[in-house]
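Note that the chains are named A, B, C and D in the order they appear, and that numbering of residues resets to 1 at the start of each chain.
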Amino acid sequence: MDVDRLRQDAAAVLADGRARMVIGFRDRAGDRVPAFITDAEQAGELLYDEACRQNPAAYLKKAELKRFRPVAIVARPAVMRSLVLLAAEAQVADEDVLVLGVSDDDAYHGILDLAATAALLNEKYAEIPHDPDLVKRIEEISAMTPEERSGFWTEQFARCTRCYACRAACPMCYCTQCIVEKNVPQWISTAAAGHGNYAWNIIRAFHLAGRCTECGACEAACPLGIPLMLLNVVLARDVQEEFGVKVGYDAEAEPVIGSWSPDDGEDFIR
Amino acid sequence: MSPDPDQAQAVQQPGGNLYAPITMTIAESRDETYDVRTLRLQFLVEAERAAFFEKYRVGMFGLYGVPGAGESAFCIASPPTQDQYIECTFRKAGRVTTALCDREVGQAITFRGPYGNFFPIEEWKGKNIVFIAGGIALPPIRAVIWNILDRRDEFGRLTIVYGARTVADLVYKHELQQWQKRSDVKLILTVDPGGETDDWKGEIGFVPMVLEKAAPSAENTVAVVCGPPIMIKFTLLPLKQLNFPDSRAYTTLENRMKCGVGKCGRCNVGSLYVCKDGPVFTIEQLKNLPQGDL
Amino acid sequence: MKLIDANKLTALAAALARAGYRVVAPIEDSGVVRLKEWAEGAAIRTDAVPVNSAKDFLFPPSEIIGRWDLDGDDFTAKEVEPDAPKTVLLAVRPCDAAALALLDTVFNWDYKDDFYNARRQAVTVVPMVCTAADEQCFCTSVGGAPDATAGADAMLRPADGGTRFILEPMTDKGNALLDAAGSALAEGEAAADPPVEIARRFDVEAVTEWLSRNFESDLWPALSLACLGCGACAYACPTCHCFDIQDEATRRESVRLKNWDSCGFGLFTLHAGGHNPRPDQTARWRNRVMHKFSYIPERFKLLGCTGCGRCARVCGAGMSMSEVCRLIADETKKAPTHES
Amino acid sequence: MTQAEAKSTESAEAFEPRIVAFVCNWCTYAGADLTGTSRIQYAANVRIIKLPCTGRIDPLFILKAFEGGADAVLVSGCHPGDCHYTSGNYHARRRWTLFRNLLDFTGIDPRRLFFSWVSAAEGQKFADLINDITGTVREAGPFDPTNPARRQPWT
């Protein structure tokens, strides 16, 4: 990818005031960590490659960063979709955010506003397949008996310490008070064990149904390697298959859950 | 600040479950306002009562709980001079306080404490005292007031300035009347502008202004201020103008607490644990704390 | 000296398990090496720093501290005993063991937490000298060392080029463990491998000194920019000990739980009245740094950080305590500061 | 429901399925009422929880029911087009489609989660439905007490 153009564009938007901050990635001893550039002269720190798995759109929910808007975000297609979706959910306005479009296929897409981002997504990335490894794994798990499946997930969720790194990493988890923190009544057990872990992980995934752009940041953030993307992709696949919706391509779109069609399938309803 | 080994020695029950509360029953339940309730709690075991009153000094707090709902920290609102029961006053705000409100007379709740430090009232003997309180912050001061009224001869003049947003928000209304009638207490009540009723006879205005107007003398006097952070902040100025030294003005911090015993780590202000080093602080101490943590 | 071949650590684990120890060791689980209870067949991974710390087995993520039978509006308290099985923490790291001094202090400095103490007494700590380190390791910057023995009951020292370990007892508990290991250990001679060299990354005294003067500083927003406010760092940290107390109930029973909590969460300090002393992530992150490098040293004459680097390894947002400390230390060199 | 109560269903021969039904006030609850007033017999294994509308039925309700000891959950409301609030059941249908698959994927047998439309006039349908799903659940047996969705005893 043309990292020089990324750096030039970042410097340019900072220099001419189109953005107050660029949020992208930098290298720290081999790790890819977020970079917050406010000075055009530091734009040279920026880089992008496949190791940059965090979703920088998550920083839009951070109160302290609001004063740096408009902010330019180094965004791969999944992150661009998050941004379009955030606009659809009225969490960001067109003037709040710019995109420096990058991708894992080495293309660099330049400086985009949200409209141009949506246009680019529809033109070039309309058919992003679900991660084939995940799809394969989902097929394997789906082929198990219910007992085997519950055994598999018992083992996975048992590791959860309820650090909520998955929630923090997700740009769509922007509620000021999460359902897991509501205690009148206590919907989800607070103990890092058993049914509380099950309920938390299931409800986290479900609250992102029709809102997940499969960026993978939640799973990448999980210290214990819980395969959260399996849940997210199952939901994303169903949203697409059942309702024909791909999320994050239209800033005017109604939310998937929250809208309906009289033609929605109901084979399972008696 | 290093741990106080003497205190640790005195309160620690060796080999016990530090977090195990005792069970107490509700002897009386009073609605102070539409959302503030006072419970009078009775000890079930004489040894527990004796142990409690051996430690208890005004200003300390406890953890009141209902199994299944949890426990919450708030002050002990009755004085050690009333040594057969304890009272607590709280606003119905969340899960625990709602569960406490749902309890009826005769039913049980759990209690741990007393915890924390206390107002050094023994040092105040012979001095005048000015109490300044706002809203739901009267309870900790009420314990001090009754403690002093129960030992009235040992102290000088008492002035109480108490305010709330509206007349309906004033707590301990029947006791305010008692104090009003006493010749040895000067009680000044106030409500925020707009919070008065047609027959309101007290002051109208914010507590700091009313304090300024009342202008109690600072000579041989200590001040005790309890209220929301914003009230405390604006009360410091009139106190200063009236020449109250910061070392003779006291307040309590009401930080969020869970354990109450210096473990759970959430009540800290700088390196101090409010649950251990407080909740009572002088304004002098308060000013030396990191203000951003208050 | 007592020796064991590097590829026979599981035999040692098996012998200790037979002798009645719960064996906790670094084991790979779904692609992540973490400290967990060893079971027959599990390989012990000494080549990676586990994501979690030994604290999990002294101060678990959730623990019952109260229990009641419920019957309508009535309740009856039941006794709660700490769950403290005899445990060996095998092939943990010196930075795990170094954290015990602080945990011991916090849970005993005034009131004594017997849940912690019961577990602590039941634990035999066997750290392994580190002969490798990664970019996140910085124990030498906070007074530790890859071969430090503080908190250890016995040390596992890689020897003869990593082909075997010397198991060296340091305490009575360590001696008992060696006895229990029996024939799993061989008598012999071996040359201990040198510990890894870990460069010092910052001057911790300069950091503590700067912190004592800079509760208010323009640096804090910059240092905390990347933090998104989860609890991953606190939960991975061997010294973080903050907890929440929560009740859980059915209609017939309730339990009171001590759950891990983190000062990084927004609700941590939120008052019932709505006021929050630490309203943003800048204030929360400042508290985390202050707590480890200023408040704990001031209060307990200890550091709140053992330089294990776990917080940085698990952080999904690239926050790093050693980087922050280095930036703070740089600050002290940079600006001639004036007293505030 | 509590752990202790749930345990009573575990022995196979005496197994009586415990089914929690979340129903809407306007159609299915009225339908169930009609079943009763029409004196139509149906299995006594269902505990009905009435809500204003299927649109109010949060997936958490379903999780809570399984957590607390339900062997199966039924969710039922007005037929499409008949919602008292115009579209609550359409909204619910979308949620169920996704949630049902998610639960299936994480190990809750779809034979334990049922959805239906029962109108206020369908007393017989309600009885048949309950009898049928009770049979299905009886066949499936008690909900696995080790399933992660089930409340585990405190240890």
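Going forward, contacts are C-beta pairs under 8 Å (C-beta built on N, C-alpha and C of every residue); 3 or more make two chains touch, one makes a residue touch a chain.
Here the structure is a predicted model, which is why all the values come from computation and not from measurement.
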Distance-maximising chain from chain D - centres being C-alpha averages: B
C-D or A-C, whichever has more C-beta pairs in contact: A-C
Between chain C and chain D, centroid-to-centroid distance (C-alpha), Å: 45
Chain centre separation in whole Å, for chain D relative to chain A (CA means): 33
Whole-Å gap between the CA centroids of chain A and chain B: 47
For chain B, residues that touch 2 or more chains besides their own: 94
Contacts with 2+ other chains: residues of chain A: 183, 186, 189, 193
Touching two or more other chains - residues of chain C: 244, 246, 248
Every chain pair meeting the contact rule: A-B, A-C, A-D, B-C, C-D
Contacting residues of chain A [partner chain C, same complex]: 28-34, 36, 54, 58-59, 62-65, 155-156, 159, 161-165, 167-169, 177, 181, 183, 186, 189-193, 217, 220-227
Residue ranges of chain C touching chain D (in the complex, touch as defined): 64, 67, 83, 248, 250-253, 255
Chain D - residues contacting chain A, complex: 59-60, 63-64, 67, 80-81, 87, 90-91, 93-110, 114-117, 129, 144, 146-152
Residue ranges of chain B in contact with chain A within the complex: 94-95, 98
Residue ranges of chain B touching chain C (in the complex, touch as defined): 1-4, 7-8, 11-12, 14-21, 23, 65, 67-72, 91, 93-94, 97, 103-104, 107-108, 110, 228-229, 254-256, 258-259, 261-266, 268-271, 276, 290, 292-294
